[in-house]
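Please find the structures below.
Here chain A shows up in two complexes: once beside chain B, once beside chain C.
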Partner chain A sequence: MELKTFPAHVDSLDPLRQYVKEISQQAGLDKKATYNLILAIDEIATNIILYGYQNAGLEGIIDVKTEVADNQLKVIFEDDAAPFDPTTRELPDQEDFDLPLDERPIGGLGIYLTINGVSEFKYEYSNNRNRNIFIVDIKSP
Partner chain B sequence: MKIAENIVESIAVIEVEGNIDSKTAPEFEKAAINAIKGQGQVIIDLSKVEFLSSAGLRVLLMIYRQIKAQNGKVVLVGVSEEIQDVMSNTGFINFFIIVATIEEGIESLKQG
Partner chain C sequence: MDFTITSEVVDKVAKLTLSGELDSLSARVFQKEIEKVALESPTELVLDMENLAFMSSAGLRVLIFSKQKIGVGLTIYVVKPQESIVDTLEKTGLHHSVNIVDQYPA
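And then the complex of A and B:
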């Protein structure tokens, strides 16, 4: 398992996406799967940076762990902000997406994109750390 | 991210280059609000945008609402396949006119 640490700041989003993109390409993900994973990690990193740390007046880091095993790429974010489980948020559904854009609620869009962008998304809280886990199945070409 | 605002044949044209994420979306929003002030139609060129997060979708939604209030239309140019997929999964795509070039965008707005 590889570890790279990023400061919890919006300036880290670009290098973070670059890093995960390289790992995805090495793991053999296609263009679409790579994009959707990058979108997922960007959305969760944004939440951690803005709501976990910044709004709480905290500075901190995001540890990014990556691993390829059993035809799956696993990316794990660990942070020290207050516990926040994205999977408990109410997400928009098809009914919301069918509404005209001027009537629709906009909350939860990022987490919707996260969950839909990967094969599996999990959240754990252990050792006083949030763990956001992104798993993508690697399809053989 | 770089943003250029122009008026072409009395239509506001916003060209964006780079990634639209939660770092850059506020800048995109500010430029867009400025560019669409008093405008009924807008063309947003996204052909040099590789990445657009939900922060960027929110700005597109804001632009759509403003222009819709003037009974206008929003044209998006050169949207990548990946971004189009995200827009269609979230029901955003149907509210915008999606074209390949700025010229096509101007043409479609002129036809009403």
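And then the complex of A and C:
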């Protein structure tokens, strides 16, 4: 498992996306799967940085662990902010999506895109750390 | 990739050209630009996305904000978005509220 650490700041989003893009390409993900994973990790990283750390007045880091095994790419984010399980958030549904733009609720889009962008998304809290786990199946070419 | 945005308002048509990557950091710049053009009460908002390589939900929120800030009478055009961005707009139902076009004016 490889580990890279990023400061929990919005300036880290761009290098974080670049890093996950390289890992995805090495793992053999196609263009669409790569984009969707990058979108997913960007959404969760944004939540950790803005709501986990910044709003709480904390400085911190996100540890990014990656691993390829059994035809799956696994990306794990670990952070030390307060426990927050994004999967418990209420997701927008079809009824919300059919509303005109000016009546649309503004929240929940990011986690919706995250869950839709990967094969599996999991959350755990262990050893006082949030663990957000993204798993993408690697399709043979 | 750096995000850049330019804008002009001519005859109530606000045209914004976005390039690079639109995340929660650059969405702040996008939102400021929307606030700026909103002062001229445009009826059409034309967003050239041909060179926009990435858009997160922060970008979607600015689209929703645009409609809420400028008013329901605003028509939004998204010009030449890349396939992945069209995919995001469709997944979230925003393609019902914006017009995805190959060029503007048609």
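Throughout what follows, the second predicted complex is superposed on the first by the 141 of 141 C-alpha atoms of A that agree within 3 Å, B and C clash if a C-alpha of one lies under 4 Å from a C-alpha of the other, contacts with A are read in each partner's own complex, and residues count from 1 in each chain.
To be clear about the criterion, a contact is a pair of C-beta atoms (placed from the backbone, for glycine too) under 8 Å apart; a residue touches a chain by one contact, two chains touch by 3 or more.
What you are looking at is a predicted structure, and each value in this text was computed from that prediction instead of being measured.
**Student:** Chain B versus chain C on the shared chain A, clash or fit?
**Tutor:** clash
**Student:** Which partner chains sit in contact with A:K32 here, chain B, chain C, both or neither? Use first/second/both/neither.
**Tutor:** both
**Student:** Could you look at A:D14 and tell me whether it touches chain B, chain C, both or neither (first, second, both, neither)?
**Tutor:** In the superposition, A:D14 contacts both chain B and chain C.
**Student:** Once the shared chain is lined up, is A:T46 touching chain B (first), chain C (second), both, or neither of them?
**Tutor:** both
**Student:** Does chain B (first) or chain C (second) touch A:D98, or do both, or does neither?
**Tutor:** Both partners, chain B and chain C.
**Student:** With both complexes superposed on chain A, which partner does A:Y112 reach: first (chain B), second (chain C), both or neither?
**Tutor:** both
**Student:** Which parts of chain A are in contact with chain B and also with chain C?
**Tutor:** Common interface on chain A, chain B vs chain C: 10-11, 13-14, 17, 32, 35-36, 38-39, 42-43, 46, 50, 92, 96-98, 100-102, 104, 106, 109-110, 112-113, 116.
**Student:** State the interface residues of chain C toward chain A in the complex, per the touch definition above.
**Tutor:** Of all residues in chain C, those touching chain A are 1, 21, 23-25, 54, 56-58, 60-61, 63-65, 67-68, 72, 76, 84, 87-88, 91-94, 96-98.
**Student:** For chain A, which residues count as touching chain B in their complex?
**Tutor:** Checking each residue of chain A against chain B gives 10-11, 13-14, 17, 31-32, 35-36, 38-39, 42-43, 46, 49-50, 92, 96-102, 104, 106, 109-110, 112-113, 116.
**Student:** Hey, which residues of chain A end up touching chain C in the complex?
**Tutor:** Where chain A meets chain C, its residues are 10-11, 13-14, 17, 32, 35-36, 38-39, 42-43, 46, 50, 92, 94, 96-98, 100-102, 104, 106, 109-110, 112-113, 116.
**Student:** Inside the complex, what are the residues of chain B that reach chain A?
**Tutor:** Residues in contact with chain A: 19, 21-23, 51, 53-55, 57-58, 61, 64-65, 68, 81-82, 85-86, 89-92, 95.
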